[in-house]
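Shared chain: subunit A. Partners: subunit B in the first complex, subunit C in the second.
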Partner chain A sequence: MVQFGVSILKKIIFLLLIATVLFSSDLKTEQKIYKLIIHALLPNKKDIKVWSDTKSKENLLRGIDDIVYVSSPTKANFVLLSKDKKTNKDVIKFVTNIQLLEAQQNNVVGGFFWQKGRPNILFLRRNLKEHNITLPESMQEYIEDEI
Partner chain B sequence: MRHLNKLYFSIFVSIIIAIAYLFFSTSNIQMTLNKNVEEIFINGAKSFAQNISEDIKSHIKEDPFKELKNHKNLQKNLEQTLSVIVNETYKYIFVLYRDNHGNYRYILDGSKDKAHFNQRLSVNKELWDKVYNTQKAVIVNQKKLDHLWITYLHPVIFNGKTKAVVAIDFSAKLPKNICQAISPLNKIFIYIFIAIGFLVSILIYQTFISMKIKKESITDQLTNAYNRNYLRDLLQSIDISKYQIMMLDIDYFKQVNDNYGHKAGDYILSRTAKLIKNEIRENDILVRFGGEEFLIFIKKASSRSKLAYDIAQRIRKRIESHHFLYEQDTLHITVSIGISCQPEHFKTISESIKYADEMLYIAKRKGRNQVVSHIIDTKTTNLNNKKSINDVKSALEDNRIICFYQAIHDLKTNKIIKYEALVRIKEKDESITPPMMFLESIMYTNVYNDLTKTVLENVFKQIQKQHIQISVNLNFSDILDNKIFMLIIEELKQHKELSSWLIIELLEYELLEEISTIQERLKEIKSYGVKIAIDDFGSGYSNYEIFKILPIDILKIDGSLIKDIDTSLISYKIVHSISVLAKELGIKTVAEFVHSKNVLETVRTLNIDEVQGFYLAKPLPKI
Partner chain C sequence: MKYLFILLILIVASYADDLSTLLNSYKHDSGLSKITKKEEAGIIDIYTRQDLEDMQAKTFEDVLRILPGFHMTRTSNNIVSIQKPTTSNVQFTSIRFYVNDHDMSSTSFGSAALIWGELPIEYIDHIEVYKGASSIEFGNETGSIILKLYTKTAQRDNGGKLRILADNYGSSNVDTYLASTLNKFSYFAYANINNIHKKEYTNTYKDQKYNLKSNRSGHNLYANLQYEKWLLELGSYHKESDNFLGLGIHKTPTDGGLNADHHYMHLSKKFNNDIKLQFSYDNLSYSRTYIDPNGIKVANAPIINDYNIKFDDEIFSTTLEKKIKLKKHSFLIGGFYKKKKFKEHAYLSDTMYKYNYNGNSSNAIDMYSLYAEYIYNFNQTTKIIASVKEDIYNYQKDIDSKDELSSKLGFIKYIDDFHIKAFITSNYVPTNMIQLYNPDNIPYKSNPNLDNMHLNIGTCSLNYKKDKHNIKFIIAHNILKNIIMYDPKTLYGYKNSSQTIKYTRYDFKYTYLFDMYNKFAFDIFTGSNSKDLKSSPKYGSILQLFSKYKMFNIYNEITYKNNYEFLGISVNHSINYTASIKYHYSKDLSFGLRAENIFDNSYAQVYKGLNYAIPVTDQKVWFNLEYLF
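For the complex of A and B:
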């Protein structure tokens, strides 16, 4: 009976640890990065409304405290895309992988993706200009003229 | 049992140490294994990186970026070479160059998810710059990246200048696999530590419960003092030479119970115990001995210390001055305390406790609210060669308590009509010890009670034998004492048919207290036919009130008045007045200390009934 209890307890502790590692460490790191990116792209916006085309990124965005997640891309002023999807041209678009960034390089302001196990941020100068966005000094090094 | 516990404890500690040693050894093995594996792969990476660097240098003359940008085939060929090295461990192999802005960009990529030529990669610039600047290889432990373990960075140098860096990323799978391989062992340790933790928790809990039960079993719930269970253990382990023993009793406690109820009694007991605790020190031991009696072991500072006496007085005064508030009433309580200052002089601790009890008994007899302590224990004979308690005890045990009998004559008939029994100790060398040598030391003790019983038994034997009146000497305090009184009644009951021959001479030198009790008890004694005589009347605290309050049959006029009656007019007149008064009250008179013919003749003229003295008869061992 005692061994059974210990086993259950151990499993619970293990699951908690896994959950903590998976969902708090990476997720929080990514959340922090997206928070920085969004605020850098929309520095003067008080009510930032965001939208994503994937559930995982939706959850990620919902976890950022000072932005509002909206149900439709038309209501958003920041859209995070993981798929090749057409959206309103005026909205600020950001992608989550390099392939999409290449495909949408005329529409999106940049992307955040993992390459060789490393986090990579990339902003496209031309598209930033189109949206009249001036990034803070700390983000300047991530601006590229082309991919 | 203690040795067994020590053994169990040693075994338990040894097991813990062994497990801890195994755990740390295993951890060490794991670390060494990791380190060795790491070294093997780093050496492998080093040689691959060197080969790649040499290969690039063999195909490119000066500037890898420019030349590879323009020679796509060369780029393709070199990337193919890199991709051959890629495996489960060497996950990514690529070559970056540093642009004019200090950013690192691909020139070659042998990995599966291939990047574009000149595509930027975010890297730890500080480390990469280090490779560029120092032209030496750098090994980076990728602790912050989940999927990478190590990155090996190797400079590609052209003409003494670093033009690119070869990077080999190690997959994090390998150390994870090693961890997984060893994890069953670690799991075993986790289970063992959980089991030990569980066992230790149970042990701690059981120890706590056991201590709690033990404490409850040795503590009196009402007073929070130790109880007799504790005392029993204490007596076996205590070094009594380091303590003085104090026996404390709450005076008239029965009256509190009778008048205010048992709850009030309980309240008094608990409050009194608290007051005592406040007056004693931490290393003193308070035991509820039973009822309203407390036993206190006072840790003494020196062998002749009066510490216990001082503490006892402090306790007595504190309790005397305390207002015990019970419901609407304020009660005032006093305590009597007996002390055994040198308990180590007794054969057993029980004897020294008994001695403290005897001192308490004296304190009670002296009027209560007192502290009685004999610094020089009666165990040893004092300077005047007086007998000790033990001497008297020994005489009682050896049947060496005897009575001498002094004849009392009728003045009219000159015949012996009665005897006065006088207690003596017959020493082992046949010498005789008079009462003045031993009575004082046993007064108020149980030995005195035993002596009284023996004297009464001897006297009744003589009465049975001779059929003559015999008087014995007792104190008023003996009549007041429950034990002695019960003993007298018991003796009278046993010798009912002989009781009318017994005369009890009460020594008059004590102040009369608790008159009603004395009246009641003398009445009961007299109901057996016993005569009551007042001894040594005319000296000390002689009080004519006793004629009014006591059922006196005989008045024995004090020897100090008789011995010079033939020469002192005052003595003559006093004795004359006593005689007249006694005659008026119907009380018989006896003149003691008749030591000459002149005294006898003078007494005869005073209408005295009986005479006693050396002139007529000395005390003799037989009648």
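For the complex of A and C:
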């Protein structure tokens, strides 16, 4: 019963976050997308700490209001990578280009990248499972078994 | 709690669409034209990637046809050209045609735009057209109409594409590209092959019918390789085409055609501190054969029947630029050196070989240019632009050195929903080699007295944008001095006229954006000249409707030109209706149909020596298949 209540509460928190994103217009579209992704990957975290290896993505993440940008990947629980960089195995890693997603497909949970002239989002099922992440129903269509 | 939960479930139910919408919105908002466009350079028309895809545009012609303020036409020898309302063709020397940073220059013709008008554009991401510009901002040769075509990038188009087009005349056009990035290295490679059939017309002279053909075929290759801040671009464009009416006195061609090639390489390196260094090499060859049994008139020769002419250009270019950005001040300082080589060869004969002439001429220009642009940002809504450019032309022989100064003053202001842009440009149109060495003037000799045409342009645009409405009004006033005219009675053919011509153009545009997929655009334009010339329609109008329904993209386009009379031939109003539909079977596969000139009532051009006007656009249906991989 308690577990059921916690599960419902998790869903409500996530839905509220979605509602917040939908109604916040001050963020750029790219920031809105990353905000959704980060909250979907870390639905239970109250203080989400993020880090990126490029200045442009750092600026982008710093603009998202309810997450904290940290100075080192070791302090983060979500890392956004644009380069082939080694980071802590336990941290949730997400990439910004298809080549890195292919190269790091055993380590990263997914990517948001340009391919074939359009932006794409892709989550890797097995890596989500390793991190015990269950994405909401609405994001299931972006989950793939392989690249 | 129960109701809150239901409400939230409803939000979730709509969420899948919303993430998809966010992705589409991101694609829409991240168009590369938002990065490349230069507001300070002049009045801009932008054709985004989405526009080009929805239109199912195949070649640059499909864009030129709907360029506000101009009529697209073709010359009697089958070259795509543009006209300002009421006037004849715009001189190619005043049109600069760019692919990325590379200016398709030509020593013989001033600009290679004359062979690039039918360029297949599947590798192009978006197109910017600057009018009333000076080209100083683009750091290259002077022009007043700047056509900037930007290629797709490996970063965004990772993967590949195949596009196959075919029409009801039996034409085919195949495009393919591959792109990939790996660490700091990326490449984009594109290939096109085309074989375009066009409607054939006839001309009757002395009871004999002559076919006026305008088919063409060719290929277009482009590749870029990028490593960190180095970029190497390679291009090769080949075009073969019929002569259409040719150059004969009675427009009775029996054979002949154009065989043109333009190969180029462009290397650029961006250094830290906003320094950019560029090297480029162009090799252009343009070979024509005109055969007309009823005679071709060449200035200082008897009537001939066989006219072969070939131009070979080589251009080496080096450009160095530095940008400085301070809080309120921005500077661009640059300079370039170009070596422009020119060779001309002609063989002329009559049918009986009683007369023949075999001639050559050549020359070269060392061109030096220094330019600077200064932008003062008063605040976030107001800026002033001042730019200046000094060009020095040193000819290898025959022609005295020249120097020309171009300058521009501009003002840009945002007031609430209004956006005002105003520019005053003092410019010139460089004289090209075929004017200095008139190929019709036998035996070849230079024309040392021919001076550059001077052009002063005042342009102002007022833009009102609120919610989904966008209204734009443009007025442009040109003063042309020292005009180069062709007069076969004079010693050299081309001469400078002492007359001044004034030209004023008005353009009104309204756009309504229903949403990011559905758009309505209407444009009406006119122009008048001080010489009362009436070589083309005075009014033109363009209507475009972009729509999306489920998996279909639908596009409707109407171009209107009013009636006009030229060389004693009356041409009626024309309404060219083009419609296209594209079905997206999946994200990667789509099928399309594009019907052009549905009413068979397109703008018709009057030609000297022909007793009727010929439509510029054929009535055609194109089938289109696009596959991404």
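Simple rule for what comes next: the second predicted complex is superposed on the first by the 120 of 147 C-alpha atoms of A that agree within 3 Å, B and C clash if a C-alpha of one lies under 4 Å from a C-alpha of the other, contacts with A are read in each partner's own complex, and residues count from 1 in each chain.
Methods note: a residue touches a chain if its C-beta (ideal position, glycine included) is under 8 Å from a C-beta of that chain, and two chains touch if they have at least 3 such contacts.
What you see is a predicted model, and the numbers here were worked out from it, not measured in a lab.
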For this session: Using the superposition on chain A described above, determine whether A:97 touches subunit B (first), subunit C (second), both, or neither.
Result: second
Problem set entry | Contacts of A:144 with subunit B and subunit C, given as first, second, both or neither | first
For this session: Go through the superposed model and pick first if A:84 touches only subunit B, second if only subunit C, both, or neither.
Result: second
Problem set entry | Which of subunit B and subunit C A:66 touches, first, second, both or neither | neither
Exercise. Who does A:30 touch here: subunit B (first), subunit C (second), both, or neither?
Worked result: second
Exercise. Looking at the overlay, what does A:122 touch: subunit B (first), subunit C (second), both, or neither?
Worked result: first
Problem set entry | Which partner reaches more residues of subunit A (counting touched residues only), subunit B or subunit C | C
Seminar exercise, completed: subunit A positions within both the subunit B interface and the subunit C interface are 98, 115-121, 141-142
For this session: Using the touch definition up top, name the residues of subunit A that touch subunit C in the complex.
Result: 8, 11-12, 15-16, 18-19, 22, 28-30, 32-33, 36, 84, 97-99, 113-121, 136-139, 141-142
Problem set entry | Complex interface listing, subunit A residues touching subunit B | 2, 6, 10, 26, 98, 115-122, 141-142, 144, 147
Seminar exercise, completed: Residue positions on subunit C within touch of subunit A in the complex are 4-5, 8-9, 11-12, 15-16, 18-19, 22-23, 25-27, 29-30, 49, 152, 155-159, 161, 180-183, 587-588, 628-629
Seminar exercise, completed: Given the complex, residues on subunit B that touch subunit A span 91-92, 94, 101, 103, 111, 113, 115-116, 119-123, 142, 145-148, 169, 190-191, 194-195, 198
